[in-house]
Amino acid sequence: MKINDEDRAVILFSCPDRRGIVAETAHFVSTYNGNIIHSSQHKDDDEGIFFMRIEWSLTDFAIPKEKIFSAFEPIALKYKMDWELKFGNERAKVAVFVSKFDHCLYELLIRYKEGDLPCDIVQIIGNHEDTRKIAEYFGIPFVCIPISPETKAAAEAEELALLEEKKVDLIVLARYMQILSPVFVERYRNKIINIHHSFLPAFIGAKPYHQAYKRGVKLIGATGHYVTGDLDEGPIIEQDVVRISHRDSIRDLIRKGKNLEKEVLARAVKLHLEHKVLSYSNKTVVFDY
Amino acid sequence: MKINDEDRAVILFSCPDRRGIVAETAHFVSTYNGNIIHSSQHKDDDEGIFFMRIEWSLTDFAIPKEKIFSAFEPIALKYKMDWELKFGNERAKVAVFVSKFDHCLYELLIRYKEGDLPCDIVQIIGNHEDTRKIAEYFGIPFVCIPISPETKAAAEAEELALLEEKKVDLIVLARYMQILSPVFVERYRNKIINIHHSFLPAFIGAKPYHQAYKRGVKLIGATGHYVTGDLDEGPIIEQDVVRISHRDSIRDLIRKGKNLEKEVLARAVKLHLEHKVLSYSNKTVVFDY
Amino acid sequence: MKINDEDRAVILFSCPDRRGIVAETAHFVSTYNGNIIHSSQHKDDDEGIFFMRIEWSLTDFAIPKEKIFSAFEPIALKYKMDWELKFGNERAKVAVFVSKFDHCLYELLIRYKEGDLPCDIVQIIGNHEDTRKIAEYFGIPFVCIPISPETKAAAEAEELALLEEKKVDLIVLARYMQILSPVFVERYRNKIINIHHSFLPAFIGAKPYHQAYKRGVKLIGATGHYVTGDLDEGPIIEQDVVRISHRDSIRDLIRKGKNLEKEVLARAVKLHLEHKVLSYSNKTVVFDY
Amino acid sequence: MKINDEDRAVILFSCPDRRGIVAETAHFVSTYNGNIIHSSQHKDDDEGIFFMRIEWSLTDFAIPKEKIFSAFEPIALKYKMDWELKFGNERAKVAVFVSKFDHCLYELLIRYKEGDLPCDIVQIIGNHEDTRKIAEYFGIPFVCIPISPETKAAAEAEELALLEEKKVDLIVLARYMQILSPVFVERYRNKIINIHHSFLPAFIGAKPYHQAYKRGVKLIGATGHYVTGDLDEGPIIEQDVVRISHRDSIRDLIRKGKNLEKEVLARAVKLHLEHKVLSYSNKTVVFDY
């Protein structure tokens, strides 16, 4: 999808399942002369929840952008939608948190620079100095906020203040080796994406490659997920695996895993930025046509 | 998708791209109290063609089944649709053509028997006797129609008569080692699915595993496609690959390839039977949510 | 590998790591005019264990088959090897245990019949009658031994007696829905292969597809492993995964999983039958060139 | 493999197949107290060629490094080996050629910096200025040698002089958009690795993603191969694919392909640098345990 190529709008919602939702939503777009680019829906039969994503061109659309929200609101209210309206040329502001490993950071920055991630990366926050030089090379503000058990509360307060100041919409934990406090996580609910270096729910917690090595699995994985209060238990956005064998040492697992982690994280971030992910019941609906 | 679980309808169409198609189609369903189960659309920007598939529950639908076609026809005419209407409890009648290799035939019959392929396999046609016993075991009529250069025309006439008699909607070539004549192919346009044992367009023609071995590729593939007049050039429905190495002899390639062929063919057939495939410009749109 | 094509021998061993093992073993083969077809070795640095598999042609080999064991024994003793000697034309005798699901059984029998599994399937044991007809079709003896909590001990005694009588070397649990007793398992240590329908160690235990659905994973897996006393905890031989999405119901997961299970189980069984698997420390070395 | 971790040697050879090669080679290592780390062999039955790679620790090896070549030479002569001897702490000198696309260059430099590629990247040669800044950031000498039909001969002469001066062992074409002359290619036979952005032999030549889009394939691929006089026809080292659908525009194919290209190229280069690749009859043997 080339959401930022031209003037486009996306409405993303979930609501109790009921007849007429697709028709009424599509009718809203077409009656005002909008050209639908993509439309996807999904119904969770167990939960009775309906999900939809509709993306249309604003070229010739009869309602000015600033009035679309209030024009659609009656439909949203009628169907009790939990909804959001996004515009293609609005770019989410992203902060990347990083520790010492830099492979995920590099991958995000290179794809960002090439225009593959429709966002503005406005801040990199490290708890170590190691990646400052990378940030400078790519021209992104970097700040080092070290974390120790004693300073954690103050450090998070500093981070939160910076995120507020920069109006950050999405936080990406690019192999950030600190656990965020519940208050922090709650503040950015469904707006923090982490990469866990295993095929969740296998190998939750620390040193998943060591766990994988010990268990003798034949594939290792990586999981991009939203961060919730429960460590490694948040809604999964994207996963993938790579084959290993008994020949691979832990060091080989770490090396092969790195290339997987960066790919899976970048895909998860891109899906989020294109407004293709809806989260519910600790799962996700990913409208990846 | 469980298209045959209950009373459902599917409309599948392509037409010149124009505004309002999605809305008007969805409105048709909802205004008569149909509950949309799935709806997908696609636009080919280069060709200016619009594609859509909409599937809805007929429970409570206000129009009786036999009148849905004529009720929708005005919309189809308005948008110049090339369209079809299918019902979930209508099961396509399928004939399977086979030679001596039986792995694809077995796979289709086992999945069929387990209810994974929504169709009725009404006939197996072999140009050898080898698979008669399999057909009998699964309780499917089998006929052996040998082919030689001299008898080809008569054999095809016999086949066509049988297909007519059995009202066959789809022909599956399950490693059938004969080339169908242009007349035969034209009669069942987009209704013959073949499995080619390579990742097309690599290794077109005879002995693709031998070609792959000679070229030293590191992956071998299989391609499920509609048959057209040009050998191995028809619209591709599904493809997949499996890793090989220099250790693999041609015999290993053939063995590994068999397991891939049967999987890819079964997937392609299932997609077709669920009315998820639209063909145009020698390509396919596959609405595999 | 075409181990049963001609007269070949395989020695498979593990031993404490020491210099000279490869050279002395290879020298044993070549000095008696054996032609090495494959030779692989592996060293576990953590455990200090050395593993080797060597396969050679017996054409022109100077030692008659029945004397090879005693000829190699001094080397085995010198290096404290845990070893076995196998001949290519010796075919393992296999029993398949099955309940109601028949997809794995079909896959094994079809590959067996095509010559892809170098063994003799001498017995199928069901705890239900459902698969009797399949066994008869393929010409394999079938016996139904129902299991209930009360009859379990007697049933296992009957099974063990039958396995003894048939001189069974390998038991394959083809979606067999009963847990074997510790005594049974111990009797066939590293000689029982099970297919678990998840990517172990994720989703151990009952109903893994339901667990996977609830967790919202984006891939589902299957694991072929040796059975040990700890349920789903035995050494893993082979694993693979298939992509799913929020569109897939539990029923879809079960369907997609079936095709994965049968593939993974068949691969694991083949690796074992070709004497390519060594088990240690609850892991495996798989010499799959 | 951690070939550069300690003092190791690798002998890599091909020769006419004959008995005793493995035993005699292994004996050479063990008799002088070398500890074999890995040993792999392969036989091409059609061509009657034998291939072997043996890697051993030089700790306690009785022959000093500088005399190993002459010590092994009699065996090499006896068996008519085409052979090379490499030491783990010898690092190949690598030059990377690049045009405007920088994703492959970045990937190589990041992996290099992390120690995943056992080599010294001594020179980057661009035919455009675009990547100079990247080279400077990573601290690698960069030179821009523009190419036009008129200047091609002079440009290549300049390149060859530079490669000589820097004693380059391996040239990596990281999406270098120029065709090297036959003389250049012959000078660095089996020492130039290119990444082609298709699953060869499909879509040889220019604009493979456009060709793939037009053909409607369901997977796109990338191929890392040695460069020979025939464009895109050289021995394949590594290939992989990624799934696409009708939703993907050519631009999407290019984006998805980029991530595949860089991964496949990096893997191919690593295999070469670890002395795991032997080339013959336009194919490769890749000893990737």
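Letters A, B, C and D name the chains as they come in the text, with residue numbers starting at 1 for each one.
Criterion: a residue touches a chain if its C-beta (ideal position, glycine included) is under 8 Å from a C-beta of that chain, and two chains touch if they have at least 3 such contacts.
The model shown is predicted, which means the values in this text are computed figures rather than measured ones.
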Mutual neighbours - chains that touch chain B and chain D alike: A, C
Intersection of contact partners for chain A and chain B: C, D
Most remote chain, CA-based centroid, reference being chain B: D
Superposition of chain A upon chain D: rotation angle, C-alpha, nearest 5 degrees: 180
Numbering shared by both copies at the chain C-chain B contact, with half separating same from different: same
Pair of chains joined by more contacts [C-beta pairs], C-D or A-C: A-C
Distance from the mean Cα position of chain D to that of chain C, given in whole angstrom: 37
Centre-to-centre distance between chain C and chain A (centres being mean Cα positions), rounded to whole Å: 42
Residues of chain B whose C-beta touches two or more other chains: 42, 245, 247, 249, 289
Footprint of chain D on chain B - complex, ascending: 42, 44-45, 199-203, 215-219, 221, 235-241, 245-247, 249, 281-286, 288
Interface residues, chain C side, partner chain D - complex: 19-20, 22-24, 26-27, 29-31, 33-43, 289
Parts of chain A lying in touch with chain D, wherever the complex brings them together: 2, 103, 106, 110, 114, 116, 137, 245, 247, 249, 251, 255, 258-259, 263, 266, 289
